[in-house]
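So the structure is just underneath, and the comments pick up after that.
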Amino acid sequence: MTSVQTKGAPARMNIADLGEPPQNLTGLFAIINKQLGTTRESRKYFLKCLIGDKTGQVPARMWTIDESTYASLPTDGFVRLEGQTQAYQGEIQLIISRIEAAEPTPEQMRDLLPASSRPAPEMFAELTAILGTLRHPAMQALAKAYLDDAFLMDQFRMAPAAKSMHHAYLGGLLEHTLTLLKLADSICPLYPKINRDIVLMGLFLHDLGKTRELVYDRAFSYTDRGELIGHIVDGAIMLHDKAQQVMREQGVRIPGNAMLVLQHIIVSHHGIPEFGAAKIPATPEAILVSQLDNLDAKTTMALAAARPDRANAIDTGGNFTEKQWALDTKLFKPDPLA
Amino acid sequence: MTSVQTKGAPARMNIADLGEPPQNLTGLFAIINKQLGTTRESRKYFLKCLIGDKTGQVPARMWTIDESTYASLPTDGFVRLEGQTQAYQGEIQLIISRIEAAEPTPEQMRDLLPASSRPAPEMFAELTAILGTLRHPAMQALAKAYLDDAFLMDQFRMAPAAKSMHHAYLGGLLEHTLTLLKLADSICPLYPKINRDIVLMGLFLHDLGKTRELVYDRAFSYTDRGELIGHIVDGAIMLHDKAQQVMREQGVRIPGNAMLVLQHIIVSHHGIPEFGAAKIPATPEAILVSQLDNLDAKTTMALAAARPDRANAIDTGGNFTEKQWALDTKLFKPDPLA
Amino acid sequence: MTSVQTKGAPARMNIADLGEPPQNLTGLFAIINKQLGTTRESRKYFLKCLIGDKTGQVPARMWTIDESTYASLPTDGFVRLEGQTQAYQGEIQLIISRIEAAEPTPEQMRDLLPASSRPAPEMFAELTAILGTLRHPAMQALAKAYLDDAFLMDQFRMAPAAKSMHHAYLGGLLEHTLTLLKLADSICPLYPKINRDIVLMGLFLHDLGKTRELVYDRAFSYTDRGELIGHIVDGAIMLHDKAQQVMREQGVRIPGNAMLVLQHIIVSHHGIPEFGAAKIPATPEAILVSQLDNLDAKTTMALAAARPDRANAIDTGGNFTEKQWALDTKLFKPDPLA
Amino acid sequence: MTSVQTKGAPARMNIADLGEPPQNLTGLFAIINKQLGTTRESRKYFLKCLIGDKTGQVPARMWTIDESTYASLPTDGFVRLEGQTQAYQGEIQLIISRIEAAEPTPEQMRDLLPASSRPAPEMFAELTAILGTLRHPAMQALAKAYLDDAFLMDQFRMAPAAKSMHHAYLGGLLEHTLTLLKLADSICPLYPKINRDIVLMGLFLHDLGKTRELVYDRAFSYTDRGELIGHIVDGAIMLHDKAQQVMREQGVRIPGNAMLVLQHIIVSHHGIPEFGAAKIPATPEAILVSQLDNLDAKTTMALAAARPDRANAIDTGGNFTEKQWALDTKLFKPDPLA
Amino acid sequence: MTSVQTKGAPARMNIADLGEPPQNLTGLFAIINKQLGTTRESRKYFLKCLIGDKTGQVPARMWTIDESTYASLPTDGFVRLEGQTQAYQGEIQLIISRIEAAEPTPEQMRDLLPASSRPAPEMFAELTAILGTLRHPAMQALAKAYLDDAFLMDQFRMAPAAKSMHHAYLGGLLEHTLTLLKLADSICPLYPKINRDIVLMGLFLHDLGKTRELVYDRAFSYTDRGELIGHIVDGAIMLHDKAQQVMREQGVRIPGNAMLVLQHIIVSHHGIPEFGAAKIPATPEAILVSQLDNLDAKTTMALAAARPDRANAIDTGGNFTEKQWALDTKLFKPDPLA
Amino acid sequence: MTSVQTKGAPARMNIADLGEPPQNLTGLFAIINKQLGTTRESRKYFLKCLIGDKTGQVPARMWTIDESTYASLPTDGFVRLEGQTQAYQGEIQLIISRIEAAEPTPEQMRDLLPASSRPAPEMFAELTAILGTLRHPAMQALAKAYLDDAFLMDQFRMAPAAKSMHHAYLGGLLEHTLTLLKLADSICPLYPKINRDIVLMGLFLHDLGKTRELVYDRAFSYTDRGELIGHIVDGAIMLHDKAQQVMREQGVRIPGNAMLVLQHIIVSHHGIPEFGAAKIPATPEAILVSQLDNLDAKTTMALAAARPDRANAIDTGGNFTEKQWALDTKLFKPDPLA
């Protein structure tokens, strides 16, 4: 597979910017769900797939393709291509004239997968700052052990928060975690008996197991480990290891009840067994973490569906969105005070 | 029924301050669940009841009582009594020597029913201030119509938020509503696309129907209307009337979609039909209101159970509370970082 | 949009009467779900839609259509057209040769939307007669207030009882309500302790909120208000207003418990929260209303599916119908004693 | 066990007629739940039980009882006794002075167990008359085979319809079945496509298996067969046998589909598996039978609870009954138009 | 319909052995789901169906077919055909050139429907041997009555255990029953208090009603009786008849409790009402039968899906199977120790 | 607290052997649920508790007890006492005359807590032998690491399998695990495609987390860690540590998929989330482990309830046990073939 240089090339057109067909399209793209089709009339093979970048996806066809080229392309991965759009069934379709597999640099990859609108380093700095306000030395030591784990933090900055649903884009896990920390920072003063350190650490750690649960280097899907073990148990195991490391490397012992409650927050944050919680939240901090997680997930999903950043290419019309399964309802779109 | 003067009397002892028996107790108290007992040995009638004030309740007996005195006492209401505590089955029991029905002044009543620790006027002033930040003229007019309704606002300042569960004390509805408004005030800036006016008005109105759902002038229970109609439908009817009043008196028309969404927030704020929602929340603001309501209710219940203001007279020992039905679990009590 | 005259035209053929293709079809029809297609071979646009009248629907295509004509047609509404049927995939398809938007008169509209087989005025007269047997003056006054509300009664005579499911046709709400009143009239004597007036009024009012919940002037769907508030809450609000009107205009006060129970019947008639009830039926009359409503809905659905008036054009064969979702089963079709 | 003559004795006082203690009580009664107690002070044995007749039950004690007398009494059965009432804990208690086991005649037994207020023969005649209107010869033959089964019909006239809940008294099964047949007789004309013969036969047979499910000759409880097999499967087996008997004795073959549907009605009449249905009702007649059964059961329970024939000795006060578990709610008692 | 001879013909190719198209295919096959299609371009009718044998199925088309030939073919049944495979949409499709209805001999039919890999007589002999170890004379007599019922045993050897799901092939019911008997034979010694005779008889009888529930002579589907009554009630009725036959013909009375418990095992073996159990298993033997049935069904399904005998023609790739609805999950396919 | 010698003392009488009162009782016992009572008449304090040993429990009272003795006794623990039985309310009650706290040796403790009827070393040897048949070197190494962990194996031999329910006695965890291994050993040959090594290891490990979940040195209850984390997550963490130890100490790497599947078996063995499974079983071995675990638990509970080793002191009579909540039913007790 040839690594393709894009330096000096004119800026690639984003999928989201495609207008009236026909338009030419050239450059590095993600390919999703490669399949072999056969035309009805001539019984010839053709390539069917989706072509995408961080801004969207478009169905594509390549009517003439030899077997070795087909075989050389990844099912989900990256390609360099040339093609032209045309209208089909009232939607845009891309007809590919040339295609080859490609290996984008990490930087290019960010251009090809959907990503948070905010830069990860900026969000990470904000998160680090909030964790800097932890008061208990053991919590400070534990936070440090995580923040110093460069490999894990790289994944944390990169991972999406979900395969689909809310925050399903690169940096989504960090963005979701940061929002939760900011929510907690605002809210904790209203509940003076809440242990703020535990809430902040619980929120920081609650979804870190997702770095092992999800694949996100070519498409978003679950790892085998994600399917069979899940981020909830893995997050608890990671904390088990990290606490031993804090003792070993910093000589700090996490108080027994703090370990117990933090691990409990991780295993209980989905709230009820039907949603994957291994235990029902059973301390005030575990309850608050679970509630905040749910509040941010649902509010973010609702806003993304009812008030998207970019009008959908093809609006279904009417005042309601499609049914949002995770919210169990369609959403009313008009601004009530407009 | 004789109204009893308490002026000049020495300060009554609070139930919560009862220590080692025997102690004398005199004054105005709430009587709860009056019943007639018979002693096993002599087959004589005696009075069984609970005696309480805003700080707690204690089981009581009066071993000799004539029928007319018994009949003159309310089943749930207020009495003036004299008696002495004694130990029974490892708990404190009050032996009454004299009792008569009483009609406390509103001021005295506040001393007899559990109440918010913060003064209602102070909380109400805070709430009014937050509503003063509404921006849309129609929302300002609607808030004004509610705030100017002296009768309703009196009830709003007085009512508990529930019969039992969370905020089940005088002023609890106001305290719960105020906390929600403050939470929203903190959180809305984190969701720039949220319509803050709708969230604030929705929170202000979401539970106002409870003023018709609950009785709270001698004990906390549901009205017939509360049982058969409920605060959700009644809140929607109240808004229906109030919007007409705004038009009639202030000449301001609430935009159609704002009426629709505010009424929707009221009927949907319990989240799912199983918990009484007539509709599932279907706008971003309705979802946020429902989430915040749940977050405050659950967090408040958890803190009250796991970290009560006053140690319970008889601690069950161990690290866990009794099962909290509304949270579906026992709660772990130790401070994790103590 | 041109209003098209149909006077003097030869009688239009009903969709249900279409036989072996090819057949010519001309006249006023309903158009449902207008969409733009593109032919695979030539990539040309064509019109895809359903064409219907009160007797049924048929898929239709117009292979050549200019953009302005397409834009002038309603997505769901009415058209005047010419075309010819042909066989496609074993079913009938209509190939349209000429089409234009049309605005039918109310009378014509009845011919285009599915409707009750009985004339609305006849059913309404029967309903009025039954309500004439109410005995309590307050119930008589309340019934009069509703029956005198010409605008509401027009809607009541016209509205379907549902978007799909049972009685989903013009006049369906009236037909369903009338059947329920007749059932109650037969059954009440078997339960001497039942308050017949309350049962009859409860049945009359239970679904009136559907006049605000459903759109039925071009296709059957929910209004925004139907989606966000629903006929249950709206029925309760309507009764709230109507009771005030009875007091104001007739000087009659509805007894407090009667108001309470009638409103309770409206909010509880769906039986359980999962089916939309705001309260569980909690008086004998509320229980009987809820049971009768369910009995008529289910029996009517079952008979319509298992023993349709007209054999379906294409019978699936076998002794069972398709699965009826609202009945959670397929239905056995043979007459068991034939 | 001695059979005791009651001829010539003055009329026994009914439990329901007991007034202010003390009162003497003599005669034949039901004894329920015989137990051995020990007095706290003297550690002597005494007899604890309930004493009842068709009108009610009262707790009873016999302070001095020798072991052989105790042993001679049935746990649940019948006794002849003498005693006197006294007040205990605000309720009436019977102090027994003399007791012996008794074997009532069937006629006496009707006086001792709760029973329908209507005579069984009168109800049975009405039922027979309705079944006389069946039109199809096979249905007539099948009805005849059941009605001619003297042993089964004796049980049918005697059995309660349930252990507790609705129609839990002698003759209750017949009363419930008769009411259903009368309801169907009234309602069927409103659904012209319904097969009336199948509905009537289905209702007649739907609960006949209860004659094997329940014990009702000393108290109402389940037979072992009722616990392990149940009236639903047993009703289907009874019909299987009876159809063979119709063929054998009357030479009439029940049409295959009629057998299938009648057996289906029996196994499906509880509506959903959670309530014991082996199949979900899947013909219009099965659906109507299931709906009518539910309607009568719920309406009868609601009326019995909210508007009892006789005011309960000790009214809980307030406008609501205790929670009725089978209705999942408390019931509002006031007559809404009183 | 002509019965077609296959003697002397070269061995027919199995569907599962189809390789790279094009290949010729001739002989006797099952036809499933016959439908009439129309080509888009020419609007001509063509035949659409599935063609199968015991090894698998393949989609088929016949582009030119006259109406009388089409009408002469069964919707689900057997045909003799000639055709050639071709690739279409990346899958194999059979283009038929000649087709006629056929009536296979029972022997041929076994070649056309999926069947157990073990010969039925061999499995039946094993089952008979295990039943030969029953110890109680009444159980021996009952087993003999079933085993001597040649008609029923023929069906038992032939029937599938299900329409789809586990053991959905000819001989599947026998194979499933035999496995259960062998499991019980191994396991019973570990539970000394278990009554082995009852467990073995219960397992032998638990699914015998399926011989009446399923059609399996041309495709696997439910009979009308299967849909409306089901194998659970029918199995209980069969035992009711068979016990009378044992009494009549062998003079052996099945002990009352044994009849009760065996019938209970049949009606309870699905474990919970939601899965069709008429009663919840309520004896140790009923519980063990229900658990073993579930264990074998689930384990067999899991192995068939995750480790099929033959690699699927088109593997979906990845480490997981499609979601298995009856197991509520996808299955991980790799051998964990490979 | 004085440790009391029991050497040379006459054999203590077992609770289960108590006969007709009065009987003298002396020696070392468990005390459960110590409470302070007050006599009604004299208002004096007395001691209320349960006194038990491995054979059962009996209610006890000590009518005269000084405060310091009361305070010196454990709430749940062990005591040396003297007393005499008497009859009270038809049951046996122990009147204590002398009591002091005691610290039993481990050997004595086995006499005081309910325990498996088989010696732990014997069962452990059987278990070790079965694990000796593992074939894959990595599984052998992993088993060895667990078996060599003397501390963990001590707990494994001692722990009950549950707080109540099935195998709730010392050694119960080992007994349950051993039965499962023997069941698997018998069953695996019937499923040739099952990986026996994985099933055996999975069963060995599935409940080992219970050694951290339960307290069993004075009464059976959950640890804080058991309540907040649970044996499912803890079992997964233990395997995580043990696999690293195998690598470190034995130089053997557990194949990645084997680790994944074993950990999956641990987190999924409860079958469904509602019963605590963190994942639904998703490999054939995980499904078989989950099914076997359920089969043994349910069968063991059913046999213990319906056919107890020792007749209960007070049989409720009748053919059915009390309702067994974990089995959702009462159990039929008679031996069906007796």
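Here the chain labels run A, B, C, D, E and F in written order, and each chain numbers its own residues starting at 1.
Convention: contacts are C-beta pairs under 8 Å (C-beta built on N, C-alpha and C of every residue); 3 or more make two chains touch, one makes a residue touch a chain.
All values derive from a computational prediction rather than experimental measurement.
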State the smallest step count from subunit B to subunit F, taking one step as a move to a touching chain.
1
Touching both subunit B and subunit C: give me those chains, sorted by label.
A, D
Least hop count linking subunit A to subunit F through chains in contact:
1
Same or different for subunit D and subunit E, where same means more than half of the interface numbers show up on both copies?
same
Could you tell me which of D-F, A-F or B-C has an interface matching B-F, in the sense that over half of the contact pairs are shared by residue number?
D-F
Go ahead and note the Å separation of the Cα centroids belonging to subunit B and subunit D.
45
Multi-chain contacts in subunit E, i.e. residues touching at least two other chains, fall at 224, 227-228, 257, 260-261, 264, 282-283, 320, 330, 332
Which pairs of chains touch, using the document's own definition:
A-B, A-C, A-E, A-F, B-C, B-D, B-F, C-D, C-E, D-E, D-F, E-F
Hey, which residues of subunit C end up touching subunit A in the complex?
35-38, 40, 43, 45, 75, 224, 227-228
In their shared complex, at which residues does subunit E touch subunit A?
86-90, 317, 319-320, 330, 332
Within the complex, which stretch of subunit E touches subunit D?
224-225, 227-230, 232-233, 236-237, 240, 257, 260-261, 263-264, 267, 273-276, 278-279, 282-283
Which residues, counting only subunit C, touch subunit D once they are in their complex?
136, 138-139, 179, 182-183, 186-187, 190-191, 193-195, 197-198, 255, 257-258, 260-262, 264, 272, 280-285, 287-288, 291-292, 294-295, 298-300, 302-303, 306-307, 320, 327-332, 334-338
